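Shared chain: chain A. Partners: chain B in the first complex, chain C in the second.
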Partner chain A sequence: MKTEESIMQRIADAAKAVTRGVDAKDIEHWVTIYIMGRAYKVPADLTILTAMEYAGYRFVRGVGCRQGFCGACSTVYRKEGEYKLQTGMACQTRVEDGMYLVQIPFAPAEKAAYDISKESYDASVFLKFYPEVARCVSCNTCTKSCPQDLEVMDYVQAAIRGDFQSLAEGSFDCIQCGLCAMRCPADIVQYNVAQLGRRMYGRYGMPVPKHLITRLQEIEAGKFRGKMDQLVAVPREQLEKLYASRVREAD
Partner chain B sequence: MEPDIHKFPYYPGCTLKTTARNFEVSALACAKKLGIELVELPRWNCCGTVFSLTDDDLIHHVAAVRNLIRVQEMNRDGMVEENRLVTLCSMCFNTLKRVNLLVKENPENLEKINNFMYLEDDYEGNVEVIHFLELLRELDPGAISQRVERPLTGLRVAPYYGCLMLRPREVGIDDPEEPTIQGAILAAVGAEVIYNSYMKVCCGSYQTVNDKSAVARLVYDILSHAQADGAQAIVTSCPLCAYNLDSRQKEVREIYPDFEQIPVFYFTQLMAVAFGFGADLCGFDPNQLVPEHLLK
Partner chain C sequence: MGKKTTGIRYVGGYPEYMRKLISIVHKTRAKRRDYTPPPMTKEEQEEVLKLHPDYAPGGKRTISVGPNKGDIGPTEVVDLVEAYPLVEEGEIDLSKVDYSPDILIIGGGLAGTSAAIWANDSGIPKEKILLTNKLRHGDANSIMAEGGTQAADRSVDSPERHFIDTIGGGHFANKPDVVRALVEDAPLIIRWLLDLGAMFDREENGDFVEKWGGGTSIKRLHSCRDYTGLEEMRVIRDELRSRGIPCIEHFPAIELLTDGENRVTGAVLWNLETGEYKIVKAKATILATGGFGRLHIRGFPTTNHYGATCDGVVIAYRAGARLRDIDTVQYHPTGAAYPIQIVGYLLTEKLRSSGAQPVNKDGEAFVFPLEPRDVEAAALIRECYVRNKGITTPTGLRGVWLDTPLIEEKNGEGYIDKAFPGMRRMFARFDIDMRKDPVLVFPTLHYQNGGIETDPHGKTNVEGLWVAGEVSGGVHGKNRLMGNSTLDCLVFGRRAGISAAEYVKSGRGGGALTLKHVTGYVKDLERAGIRPERRSPILLPDYRGRAALARMIDVF
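On to the complex of A and B.
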């Protein structure tokens, strides 16, 4: 029985951490979720990620920033009595009663290697590296699965017709969680297509930033060399003071 | 005097935005000259490319219906007051029109597709799919010829139709055996129209991807018959036909060394020449064979 006690202890410890010191007896609302088929009673205000930790899971993969930015904690779930499979980021989705959950820690997707300086800036680049884009039947399943609420199908269609700007702008907030590709009936890897498109757009489509060129010329001409040399020569203590008193943008 | 402008919802399709961009340029310019503004559908997607003949294969009709919903939205949002959707590509025309017909005739299929697309407004079945050629046919007699600044007098042109504008009968826009819709336009811009029996023979379609020589043989039949009847140029309304008839001439020469090249135009390119537009609006492609006297 010793092993079981230690598991209970670990769950209790985990609960303390995620409920931020609130005692289990003080929690009023509970829901039952199913993690890979097994039922767990968890506090109702947790996210899927913290609820799983509450239940005793420790993440070594499928977790990252915990802020909805990194795209590592893709989750697929279905609610009891509903036919629809749903998707979300575990760190951004609150648990609901009767959720059947599984984590998708990795998307086994094809990723092409290319040199954008050698590719032509038209729709053929997508057919060359990701020919499956032509299989899109406009079913919109990708869009429905996107936790970022992007119009994924629209940007795939933009790729097909070589509209790099719409593709780049439409996919800009993609966090590459992989859920669209996992759901696509045409086996398109939307986010890798989009990445290729954004790179091409950055290289060939966007206006050249003149201020950046000017600044690079200034640096090369040695405009900042004197000040830099001064800084490098400053002793550590004084450098820390300078750092603390620097002019900085508001947080 | 410039005509009053009438706005139509317009579906370009992927080819007119990529490899056949020059066809779109000339078509939009000609339309404007005739008082027609083609307003591109917002958020359009692939037409579906090939109409699926399987009875219950509804997923392959979703793309077309989604575009028809965009036409409803344009009317709802006041972008156009027109339910007729204009197409330029024969493939898009054929697919969109056949799907439209299918869902109008099968309310159960339409309901299933609408239910599947639950994030969109329901398609109400009130859009009509037409080809730009049909709009030109509707114009007042003389509307085109009045605007000709440089008649194509002396140019002998053979219209080529292929299959998608004419078949199946329920979506065809002209007599499937004796089509005249392109010939009438060519005559209106002053060209001499060369009718020949190969104007409806298959161009080889997508065989061009994996069997170039099969396409080259068909192209040879089509072009050499037109040439034998005196044609100096070919005109078509389908970007895929245009591609096969034009780009496969290289392979034709490999099989038939005596074959003489012949220029292939999209119908609006010759209209643009006759309207006196500059080379930019005629949309001549660097790869396209263009007789020099046309550009003078």
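On to the complex of A and C.
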């Protein structure tokens, strides 16, 4: 086997636990978790998601990107001896000994239909589409349930005030997992309220950059057409020269 | 200060021996602060690329059936192409049609979702569109895109420059007319997203903050913190939902249907939860099923979502679609290599374009941080496995440091919180503070460069079948540049949606629903001597523990 090929083999061997699942013989440390009440002994180094897979579960729901971006694997858990329910993403939470857990694979939440080009840029838009925001009792349960550690209650309050910027910036990292809405005693769907607010702010809160408007006019006027016609027709050798002679913009 | 978990002593998320190695990175930082290794010459690039998984010997074989017979592909892909279908002619009832949209869109990432919206804007009523998803709508690689979207909209930039960067990065294998569409539509796409309410990073005066992408000659990257794909996906998904365009979830396509004469007329969908199939009859079908990262090509970890299993390529190939550049795979230079829970996860290139440096065990900056991705990835592999200057993790993986504290040294304190909240959060969950300590990285399987050959309108060589996004081939040649994938999805999603709508409105499309092409393909497999040991599409990977699997009884 050539050196390069054996290097590829070594890389693949080192990554086996990740690409093909964990092998029990490689594991030193174990914990016991309770998946929907039933005890399983699993390697201590796994996330809730990979631990459930280790235990034999094959997901068709409650899993998506596996990296904390899509919000598909919302999980509720409680640690042995504690009364408090905690929340997290199964793909981003390490298992702990004595964890009782269940996944919430779907949130039956209301999503309003609207055309943002026709709505007015003030607080009334929230009351129009999500009147239940007014029911917020400021209990802060939403904030405590957020796996992204967002100040959810604060952005709901910003929506009520019509403060689009605070709402948009405060909710920007939301992955729409639904845990806030599932815990809210006032039945507010915080993440959908935020989605409406961010879109309103994105459209009305910031000007369209002048350089973008200019470029679109230039394209429309055909400024680049001639050069592009030439470029798509030039032979590879010439393209290679053009590529090699690029001048890098200063940092 | 040390935290003791599971028997190993950790300090700030790292075991003690790694902590000692990190002190070398801290010590050498001041020296490296104003030093960047020069970009490689073409010859140096060619030399190091021998260590890239695409060029290292092994890992590939010749395709023995279908339109690309004789071409080379990754073994894992050829295995799926040379596999038997899940259903054959006569096994299912095609006479009862469950859905009959004008346009069927398979896959709801950025490409499929934008195709649906633009088809609707082009005069196809919402109830005549159907978007189907294998997982939930938006559970896709799109939503995980971190870095940004390229568009030449600064006065010092131009579509030509974007074209040259893209085609050079793709090793001149890209289809020029397709690249032209990509770069000429880019500013329009950014404007479309703004009108829909997407929040891009802005300067005080409202201009876009534009950043470097690897392999580009100018700052052209439009970002939404390090959640660009999330923001773009959320916005257009919300638009689709507001319009009430029909969308079904957990319903992958397991086969296309044809009229028996090289025209796609619909698809067989399968309920992932109940196992029931449904028949779709459509005048136009847009395939936007994404890539193949979960095949773990050459045994690499991946940045890809759970459903990235090459389904679209497999079913389109059986229907006669030609593939292109399917032999090349993009390995992102900086996947997480530690801790084990996040191995393979994406650490956006924007970290490097904001000042983070790859650093070896001895605290040396050994590579220009923004080489094209294939070159950068190969350089990291060389550092770890040839020069032996990598760092070995407790589980035996090797990696090099990405010196993230340099980002704040160069951009000021608080910058990471503002620009990389997703990255900071991911590491903080494992007690690592990337503002203060470097993180460990190694290349990870990221992107399917090639796919089903497309034209500038997303059309394939099969009538009635369009493609958009990662499933397509020809846009990126043999190596995609950063910021061109979300752009690809949005440009060709739009173009495919418009083109399919025009096709339908001109009265074309539709026809008999058959699996004749599958029967023909099975005959080809038999003639090639391939035994019916594998079936495809596989739909999802299987990570169940071996101990549990060994004791399973298949009852129902």
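Just so we're on the same page, the second predicted complex is superposed on the first by the 200 of 251 C-alpha atoms of A that agree within 3 Å, B and C clash if a C-alpha of one lies under 4 Å from a C-alpha of the other, contacts with A are read in each partner's own complex, and residues count from 1 in each chain.
Here is the rule we use: contacts are C-beta pairs under 8 Å (C-beta built on N, C-alpha and C of every residue); 3 or more make two chains touch, one makes a residue touch a chain.
As the structure is a prediction and not an experimental result, all values here were calculated from the model.
In the superposed model, A:7 makes contact with chain C only, not with chain B.
By the document's definition of touching, of the two partners only chain C reaches A:224; chain B does not.
Annotation for chain A, partner touching more residues between chain B and chain C: C.
With both structures placed on the common chain, the touch criterion links A:113 to chain C but leaves chain B unconnected.
Contact with chain B, but none with chain C, is seen for A:154 once the two complexes are overlaid on the shared chain. Applying the stated contact rule after C-alpha superposition, one finds that A:189 touches neither chain B nor chain C.
Once the two complexes are overlaid on the shared chain, A:65 sits against chain C while remaining clear of chain B.
When the two complexes are overlaid on their common chain A, residue A:35 makes contact with neither chain B nor chain C. In the superposition on the C-alpha atoms of chain A, no part of chain A is touched by chain B in one complex and by chain C in the other. Contacts from chain B toward chain A in the complex involve residues 12, 14, 17-18, 43-46, 48, 59-60, 62-63, 66, 116-117, 119.
Chain C contributes residues 5-7, 42, 50-51, 53, 55-59, 135-136, 138-141, 143-144, 152-156, 158-161, 163-165, 167-168, 172, 176-177, 179-180, 184, 187-188, 190-191, 194-199, 202, 206-208, 217-219, 224-225, 227, 229-231, 234-235, 238, 241-244, 250, 272-273, 296, 298-303, 305-307, 339-346, 381, 385-386, 395-398, 421-422, 425-426, 429-430, 540, 542-549, 552 to its touches with chain A in the complex.
By the touch criterion stated above, chain A contacts chain C in their complex at residues 1-5, 7-24, 28-29, 44-47, 50, 53-61, 63-70, 72, 92-94, 111-117, 148-149, 168, 172-173, 175-176, 195-196, 198-203, 206-212, 214-216, 219, 224, 227-228, 231-233, 236, 239-240, 242-244, 246-249. Remark: chain A residues 122-124, 136-140, 143-144, 151, 153-154, 157, 160-163, 185 touch chain B in the complex.
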